[in-house]
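As structure tokens, here come the structures.
Both of the next two complexes hold subunit A, though its partner changes from subunit B to subunit C.
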Partner chain A sequence: MSQSATANGPARPSLVGRIGRTLLNFWGIALILVLWEALVVLNDFNVIVMPRPWAVFADIWANPGLYLQNFMQTAWVAMGGLVLGMIAGTTIAVLAWSSRILNGLLTPIGLIFSSIPVVAMIPVLARMLGYGTETVLAIVAILSFFPFFVFTGSGLKLLPAGSADLFSVFGAKKHQRLFHLALPSALPNWTVALRLASANAILGAMVAEFLMGTSGLGQMLHAASQAFNTERALGASVCATIGSVTLFVLVVSLEARVRERWT
Partner chain B sequence: MSGERTQSALLGALGVALMLGAWEVIGQNRLVGMTWPPFSSVMAFLFDPSRQALFSRALTATLGSAGLGYLIGGLAGLAFAMLGQILPVLRPGTDRATAVIHAIPSIALAPIFIVLLSREAAPTALAALNAFFVFYVAGASGFASSSQTQRDLMAALGASGTKRFFHVDLPAAFPGIVSGMKLAVPAALIGAIIGEWFGAPRGLGILIVNAMQNFQIPLLWSVVVLAATTSLVLFSAMTLLERIVHERYR
Partner chain C sequence: MTDRTAAPAIDFRGVTKSFRLPDGKTLTALTDTSLSVGKGEFVALLGPSGCGKSTLLRLVAGLEAPSSGAVAVEGRAPEELVKAHRLGIAFQEHALLPWLTVRQNIELPFRIAGRPVMRERVQGLINLVGLAGFEAARPKQLSGGMRQRVAIARSLVLEPEILLLDEPFGALDAVTRRQMNVELQRIWSESRISTLLVTHAVEEALFLADRVIVLSGRPGKVVRTLEVPFARPRHPDVMRTAQFHQLVDELTETLHPTDGAGH
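And then the complex of A and B:
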């Protein structure tokens, strides 16, 4: 990455180098925006069909309060659901670890639910729990539950070679084994679950809000597209995308730190 | 060892049976209300001969869109990962672009695809996009898993970047790509189903959303069970394939 900086000579201020590096990092995203712009201009779409990128960003810029309010609503519900799913998934994985029978009973159910399109179940949950914000919270929690359950469960068995024997030799109790051996070994796997679940939390919340038309960015998207306000509909999506990417980047950096400490 | 395996298989079957039993009991006694039908009535609804045509037409449509999208997205995802591997300067850019593409809500893209392509093609396009992400991640991390020693050897022997890619990186990535093939199955199905929500002429997605809006609870559950079972069967087939490949490439 520093090649472009040195090519321009070390004596010059690194502005060119910095621009070069930004381009290298973000050329893909820039390409998406350019393609979007080109698509609208070449097809001569009107603003109802598809506005140009700058018009969408201008709408966000002009209505910061509206966007922020809906964004916070969705973000809080998504984070809340993520945390609930995390607690439930991790707890049940630990319970399954502590009992062979429970482990045998629960493992295939976890595998079944992680291999089916859970998003397709959102309509069932919406009908069952009623249209409302609590349902969005429950849906995100359920979506997040399975990665935590499956990955923590497999992580708890990934013990360093010989460590289990060592704990047996010293006559460790089950809870000592859990807190000093199994849980630390499961941590890298657990962060993988966090990454997977966080990537889907905001999107899951938005799909639920969209289907039920209750609140947040999903409702905003729903209402705006009903009113043919495509700028606002895309603006809501841009906010969800930014929120989702931010959450994902935070989690990935956390994961890198965990990996550094644990391996 | 094999005794332990039989035991865990038995326990697993018991676990699934208990889950279905709980589903039946909750439904029979209306513990959750009218929106939770018992397992037996969902099965009766699903296997009712008069509805076979409806279900098989919807399933064929969804599988068609998901399958085509899976192929397109898979090839595109691998090609994009390949680009980042052969020209490492582009790698940070491809990583960020795929992460952003994955973070765009499907429900925002579906109407755009309907305008740009057609109502029929939107499910395929969303399935392709979801598969693209999974294949890109599997490909990129797989290609990077070839060892430094192997790469140094190829460089010392004077092999070009492309040659190294096809002789070292691609075989090293194969097990990872096969795992991606497995994980992309539910991803592609989700894409196709969400794409169908927005008014595809047929498919499981449109049945789900219509049943939800019209309070047709047995229909809603039947279609979701059908979608889940389909995904489970394909996923299991891919798991077998994965096991074979991992044995072979270990």
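And then the complex of A and C:
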């Protein structure tokens, strides 16, 4: 049935056509860039107050190695922290699911831990782990932990109607219930957690880098704004935005794919 | 095939089941109910909604424990049959797992029982329920009737000793429901498993069962037992005979006594 639909349906747009359409969706961003350029030129703003967008891109173009190195550093730490938070959040949600006693212990701790503003944790963590990459990694992991813990926890209970009784009558053991029923049921919620956590991962990494001033885009932003190098500061922001948007788009398409199959 | 001299497949002795409600009151679903299902017998439990007929079935499935009295399945406690994966069940909510294909859903009981999947048995059942060609489809791509066929195939796949059907066609439209009854009659005739069907449809009970047991409204209690006189295999035309219509009227009167109210 789906085959005939594809055969009779409209032809898929060519690659060029699709890229064109995607760019068209971002015309708002192009408009902002044009307005920004016009604002700076018409008001004759000082470069320190507000550089022209063109100058920001020129700075990136002139220093590709510097930008790439800092971008990779931040991206690596953000991804690493995301994965650590994912593993911790998912594991603890599964442990809380598996026993009422563990649930009573872990859920309040998880909630309290997640309510502490991450900025307040930076000085403490930095004392413990040192003013380095480990602390940035820990900050991102802590930020990512909460959505995975909460959404996986609730997803493990979102079972298809009647399936819990079905598994009981089939004589399923606890681990079979987990792997055949609860975990697959939780997957749509888990991808929501992934989307929320990845939107914050690069932000979290940059805040930590900014406050500790060690390495990566956050440190670059901090150093550049201290030196009134506004073009570079904005350049760092542009790189972070590109990273965040790319990650977000990838995760959203994964989420859509899961949703398509699961519902 | 019906042999009521041997130990019955299902035996209810003076079973009472009450539930404690959140507001502290007690709801009695069944009072002092005794009934039995012989080996290879198809028994339909007929009753108004809320008469405890589903509770009765859940007691057989080991999903509930009786407040007093005893439930024996094949002379043993229901839990023992559950552990041995000897019960087949199908609910009104088909309880198919949306992320699995038709074939994988039917194979699920093998995986839960920890047995190797018998591919020929699975394919045989897919053919028997008329779903050949839909093996790779997902539940959401199927109609309501087709989903129930999958659920019935799944309930039969481990060749259970007891088949429990809880309003399996309750959510279907009248035409599909009648068609599914004809199909189930054919499928059941191939295996002749001891079966307990819970329904509130009089025609369904009469067409499918060897014996119809009518329960009264809350609290549930056996008010009538009827031996169905139609020989097997039953042709759908049996539903058009005068005798069938007369029995439908009788049972409907038992279910909802008009008490000379004038309608």
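Of note:
FYI, the second predicted complex is superposed on the first by the 211 of 263 C-alpha atoms of A that agree within 3 Å, B and C clash if a C-alpha of one lies under 4 Å from a C-alpha of the other, contacts with A are read in each partner's own complex, and residues count from 1 in each chain.
In this text, a residue touches a chain if its C-beta (ideal position, glycine included) is under 8 Å from a C-beta of that chain, and two chains touch if they have at least 3 such contacts.
Predicted model, so just to flag it, every value in this text is computed and none were measured.
Subunit A is touched at more residues by one of its partners, and among subunit B and subunit C that partner is B. In the superposition on chain A, contact of A:150 is made with neither subunit B nor subunit C.
Of the two partner chains placed by the overlay, only subunit B lies in contact with A:248; subunit C stays clear of it. Applying the stated contact rule after C-alpha superposition, one finds that A:184 touches subunit C and leaves subunit B untouched.
Within the superposed three-chain model, A:170 lies in touch with subunit C and out of touch with subunit B [touch as defined at top].
With both structures placed on the common chain, the touch criterion links A:203 to subunit B but leaves subunit C unconnected. In the superposition on chain A, A:237 makes contact with subunit B only, not with subunit C.
In the superposition on chain A, A:160 makes contact with subunit C only, not with subunit B.
Listed in rising order, the residues of subunit A touching subunit C in the complex are 160-163, 165-172, 176, 180-181, 184, 187, 261-263. Residues 58, 61-63, 82-85, 87, 89, 91-99, 108-109, 111-113, 138, 140, 164 of subunit C are the ones touching subunit A in the complex.
Residues 1, 3, 24-29, 31-32, 39, 45, 49-50, 101, 103-109, 112, 115-121, 123-124, 126-128, 199, 203, 206-207, 210-211, 218, 221, 225, 233-234, 236-237, 240-241, 244-245, 248 of subunit A touch subunit B in their complex. Of all residues in subunit B, those touching subunit A in their complex are 7-8, 10-16, 18-19, 32-33, 35-36, 89-90, 92-94, 96-108, 111-112, 115-116, 185-186, 189-190, 193-194, 204-205, 208-209, 211-212, 215, 217, 220-221, 224, 227-228, 231-232, 235-236.
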